[in-house]
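Given below, in the form of C-alpha cells, are the structures.
Common to both upcoming complexes is subunit A, partnered first by subunit B, then by subunit C.
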Partner chain A sequence: MGLELRDVAKRYGPVEVLHPLSLAVANGEFLTLLGPSGSGKTTVLRLMGGFTEASGGQILFEGQDITMLAANRRPFNTVFQDYALFPHMTVLENAGYGPLVQRRNGAKTAKLIDDTLEIVGLSALRDRYPAQLSGGQKQRVALARAIVCEPKVILLDEPLAALDATLRRQMQLFLKQIQRRIETTFVFVTHDQDEAITMSDRIVVMSQGRIEQVGTPKDIYFKPRTRFVAGFFGDNNLIPGVLAGPDRLQTTAGELLCTDTSGIRTGQDVLLCIRPESLKLGQGPVTIRAEVEEAIFGGAMTKLILHAVADRSVKLDLRLAGGQRAETPNPGDMVSLTYDPADAVVVSR
Partner chain B sequence: MTEMRRRWLIFLGVAFVPALLIVAPIASFLLLSLFRAEKNVIIREITFGNYTGFFGNWTYFGTFLGTVLLCLEVMGVAVLIGYPVAWFIWQQKGSHRYLLLLLAVMPLFMSYIVKLYTLRSMLGLNGLVNQALLGLGILERPSQAFLFNQRAVLITMVVIYLPFVILPIFLALERIPRSLLQASLDLGAGSWDTFRRIVLPLSLPGTIAGALFAFVLALGDFVTPQMVGGTTGFTIGRVIYSQFGLAYNWPFGAAMATILFVTALIGILLAGYSISRQRV
Partner chain C sequence: MRSAGDRLPIWITGLVTGLVFILLYLPVFISLLFSIVEIRQGKILWETLSFKHYVTLWSNPSVMGALSNTAIVALISVVVATVLALVLALYTEWEGAIGRRMLELVIYLPFLLPPIVTGLALLVASAELGLNRGLATIVLGHAVFVLAVAYRLVLTRLQALPHSLIEASFDLGAGRFQTLRYVLLPHLASAVMTGAVLALTLSFDETLISTFVAGDQMTLPLRLWAMMRVGFSPEINALVTLVLLVSIILAIIVAWRMKPRGQVEEG
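Our next item is the complex of A and B:
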C-alpha cells in the first residue's frame, strides 16, 4: 500500500511544472527523487507533504484519498532544506514541538523525545539554541523533531545541500542508519547523483516535470532507459548508432553488440551506453580499435580517455584498476577494447 | 602616523557631529537644571533646588506621573490596534500587501500640524465621530467627550503614532521565514498554536520597538496636548513648555526636561534589555 500518487499534476497558470505522473512508495522504503533544479522533484515532495495543492490527480495513503488533507493532518513530517528550526526554542523544545501542539504529553512522550535525541546524538546539546549549533547538528535536530511525531513517512527536502563534503558523507550514512532503525518510509529529494545512489532503495529520476525512470540504484546506473538518465550519472560512454538486429548495432566505430535492447525497434536511432568500468582492454566477442588520448593517474583508478580509430568523434572513457606495478598505455598508443554485451544497454536517441 | 592615532582621528571625525548636536545640548541642559532663576535672571550657582521642588510639589510630580501613565496607555492602545493591522497586512499576498502597508504608513508623510487639525475637527461637536455616532443612533445629541480633555489626547496620539508601531511590527513579521510556519503546520500545529508559539514570540522584538516608539514620542509631545487637551489634558510637556515660554524659569524647565529625558532613557534601556533576551 504505502503512499501513492495517481496522475498527479501541478500547473502554475499556463506553466506545467509537473506533468501527470504516477508513483508508488512502499512502506519502509528509502525512495529518492533525483533530478536537476527545475525537474519538479521538490514539487512532488511538497505535494506529498500537503504544502502545495495538486492541479489534478489523486494522492493516496494506505488506500485513503488524502489529496485535500491539510499538511497538519497528514501522518507525514518534513525535514526542510534550511532546517526551519525555531530560533527561540532550545533543542529539546524544538524536538518536543510536535507532541506539544498535538497535545500529547506525559512520561511516555518525554521518554520518546529523550530517546530520539539519544538516537540522533544530541542528548548533550538539549539546552542549546539553534544559533549555537553547527550545520550537521541543526540537521539532526530537524530530523529528531520529525521522528518524535512518529510519522508514517518522513519527507526530506535536500537536507544535506548546505553541508560540506565530509559532513555530507557522514550524514548520508547516518540518515540511512536512522531510517533502518526506525523503519519509517523516507522520501528524499536531492540533485546529487552519488548521494542518491549510496542511500536509496529506489531512485526516481526526474527531468522537466516528468519521471524519466524509476528503479534501484543499480538499475538506474547500469540500465538507463532514457537518454537523459544515460547521461546523468558520471562519465558514461554514449556511442550513437542504428539498431540493425535484435542485438546488433551499426555505429561509426564498427558493428557493436548489446543484449538488452528492450523497447527499441530495429532501424531506430539509438545510443549505446557502456559504463567506463565495463570497458576493458583486450579482445572479445566485440572489439573496438581505439587510440589513447590521455592517461590520467587517479590513485585507485587510472582514467583513460580514447577515441575510436574508425571515427575520431566517438570518445571513449575507461577505468583501469591501479596498483604500483600496473601497466598503463601511453597517449598515442593503439589499443583494443572489449566489453560484455550483457553490460551494455541502448536508449533511443 | 601610527595606526592607533589614525583610528582616533577617524573616531573623532565621526563622533564630532553627534557630539555637537546631541551630547552638547543635553550637557548644557543638565548644567542649566542645576542653576536657579530669580526674577527672570539665571543665577549660576549649583543647587538641586529645582529637583527637590519638582518632586516635593504634587502639582508637578502628579502631572508627571499622569503623563507617564497616559503615554503607557497610548503605547498599549497603539500596540493593540497596530499589531492586528500589521498582521493583517502581512497575511496579504503579492503587491496587495505593499499597497496596504503604504496606506498604513502614509500619515508619516503628512504634516504633523495638518494631522492635528484634521483630528481636532473630526473629534469636535460637528465632527465625523459625533456625526457617525448620531447617525447610528448611539448618541442622542453631539457629545463634547471627545475633544479638549485627556481622552482626546489619548485618541489623537494613538492615531498619530500608529504608523510608527505598525511598521516595525510588520518588518518583524516579514523577517519570519515562511518555512518556520510550514514546519509548525507540518508538526501538527493549528494556526492558533502557530501564532502563539512561533509568530508572536518571533515578532516580539519588533513589537517592543514599535511600543517604544509610541511611548517615547508621546512622552516628548507637547503640541498634541496643547491642541486637543483643553484644561484637563495637561501634560508635563506643556508644563516644561510654559516654564520656557511663559514663566521664564529656564533652570526649572531644564530640570523637568532632564527628568523626562531620563524617563525616556529608562524606557529605551528596558526595551533594549527585553529585546536582547529574545533569541531571534
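Our next item is the complex of A and C:
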C-alpha cells in the first residue's frame, strides 16, 4: 500500500508548479525525486509532509486519505535541507523533541533515543549544541531526530546539498545503510544524478512540474523514455534521426540499428541514445566511421571525444578501459565504432 | 617601524573621543560633585563632603512618592507593552495576518510622533473617555510609547528565526502551543528581556507624555521639574545623579544584551 499520490497538483495563483501527477511509494522503499531546480521535486515532498496544501488530487497512506491531515498528525518525519536543528537545544534534546511533544516518556523512550544516537554515531556528542557541530554531524542529528519518532516514512529534502564531496559520499552510504537497518520508507529529494543512482531503489525524474520517468536506476540510466531523461544523465550520445523500420534508423551519420523502439512509430523524428560505455572501437553489425577529436586520459578510463565522418555535427563520446599498455587512438585518427543494438534506445525528439 | 606621522590619526581620534566623553559626562560628574560637597565662590569645600542630601531625599515623602510612582508605572507599562509586543509580533509574522501594515503604523506612530503630540492626544482621549487622569493614564501613555521599541526588538528576532524550525517542530508532532513554548519563546526570550529593559529605561525618564496625563500624580522626572522651578538645591543634584545612575545602568545592560554573540561554526 504505502504512500500514494493521485492526480496531485499545486498551483500558486495562475502558476502551475506541479501538474497533476500520480505516484506510489512502496513500504520500505528508497525512492528518489530527481530533477533540476524548479522541477517541482521539493513541492512533491512538501505535499507529502503536509507543509503545502494540494490544489487538487488526493494523498493516501495505507489506503487512508491524508490530503487534509496536518503535518504534525502524519506518521512521516522530515530531514530539512538546512537541518532545522533547534539551536537552543543539545543534541540529546533535539533528538528527544519528538517524544517530548508527543508526551512519550519513560525508560523505553530514553533507550530509543540512546540507541538512535548510537546508530548515527553521536553518543559522544549528546551534550553539544548545534553550533558546535560540523555539517555532517548536524545532518546526523537531524536524521536521529526523525528516526526517534519511528515514522512510517522519512522525507529528506536535499539533505546532502551543503556537504563537501567526500562527506557527501560517506553520507550517501550511511543513509542507505540506515535505511536498510530501520526498514523505513525513504523519500529523498536531490538534483544530483550520481547520488540518485547510487542510493535509490527507484528514481522519479521530474522536470517542469511533471514526472518524466519512474524506474530503477538501471532503467533510468540505460532505458530513458523521454528526451529530457536521455540528456539528464552524464554524456549520453544522442544522434538525431528518423525511425525507418522496426529497428532501423536513418541518421546523418548513416543507417543505425536499435532493438528497443517501443512506443515510437515509423517515420517519427527520434534521438538514438547510446551510453558512452556501450560504444566500442571496432567493426560490428552497425558501424559508424568517426574521427577522434580528443583523447583524455582519466586514470581508470580514457575518454574519447569524436565526431561522425558523415556529419561533423554528430558528436560522440566513448569510454575506453585504461591500463598501462592500453592503446588509445590519437586526435585526427579515423576509427570505426560499433555498439550492440540491444544497448541503444530511441526517444522521440 | 611606525613613524610619528602614522600615529597622528590615532592621537587625533583619541583626543576627539576624550573630548566627547568629557562633554557628555562632565555635567553628570558636576551633578554628582554638587550633590556631595558645597561650593562657594568657585571653591570646593571638601570639608563639607557628606551624603546628607541623599538622606534628605530619602526622607522627603514627595520625592519618595514620585519614585514609587515611577517604579509602579515603569513596571506595569513595561509588562503590558512587552506582552503586547510579543503577541503582536507573533501575529504580524503569522502568514494569515491581515492589516499587517496598518497595525505596524499604529504601533510605531506614538513613538515616532513628537511626545508632545502623543501626550496631547492621550490627554484629549482620556478626557473624552471620561478617564480620571492619574497613575492608570500614565501607565497607558508609557505602555503605548514603549510598545514600539519592545515590538521592534521581538519582531526582528522573530524574523531571524528560520521558518524551517517551526515546520520541524510541527513535523515532529508538536502543536501550536508546544511550538510556541519549546521553540519560539526560548528563541525570543533574550529579545523580550532586552526590549523590556530598554522600555524600562524609556519609561523611567519619560517626562513629556507624563506631563499631560499625570493629573495630580507625580513621577520622578516630573518631581524633578517641579523642584527645579523653585531653584537649584543640592537635593536636585542628588536626585539627578540617582536618575542618571539608574539610566546608565539600564543602558549598559541593554548594550551588553544587544551585543551580538557570534558562535563560530566548525567546517
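Rule of thumb we're sticking to: the second predicted complex is superposed on the first by the 349 of 349 C-alpha atoms of A that agree within 3 Å, B and C clash if a C-alpha of one lies under 4 Å from a C-alpha of the other, contacts with A are read in each partner's own complex, and residues count from 1 in each chain.
The criterion applied here is as follows: a residue touches a chain if its C-beta (ideal position, glycine included) is under 8 Å from a C-beta of that chain, and two chains touch if they have at least 3 such contacts.
Note that this is a predicted model, so its numbers are computed, not measured.
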Combined model on subunit A: subunit C and subunit B, fit or clash: clash
Which of subunit B and subunit C A:135 touches, first, second, both or neither: second
Partner chain in contact with A:49 - subunit B first, subunit C second, else both or neither: both
Touched partner set for A:72, first subunit B, second subunit C, both or neither: both
Which of subunit B and subunit C A:321 touches, first, second, both or neither: neither
First (subunit B), second (subunit C), both or neither touched by A:82: both
Which superposed partner A:98 touches (first subunit B, second subunit C, both, neither): both
Shared subunit A contacts, counted only where both subunit B and subunit C touch the same residue: 49, 51, 70-72, 76-78, 80-82, 84-88, 97-98, 100-102, 131, 145-146, 149
Touch list for subunit B against partner subunit A, complex: 177, 179-180, 182-190, 193, 197-198, 201-202, 278-280
Parts of subunit C lying in touch with subunit A, wherever the complex brings them together: 162, 164-165, 167-175, 178, 182-183, 186-187, 263-267
In the complex, subunit A residues that touch subunit C: 49, 51, 70-73, 76-78, 80-82, 84-88, 97-98, 100-102, 131-135, 145-146, 149
Touch list for subunit A against partner subunit B, complex: 49, 51, 70-72, 76-78, 80-82, 84-88, 97-98, 100-102, 129, 131, 145-146, 149
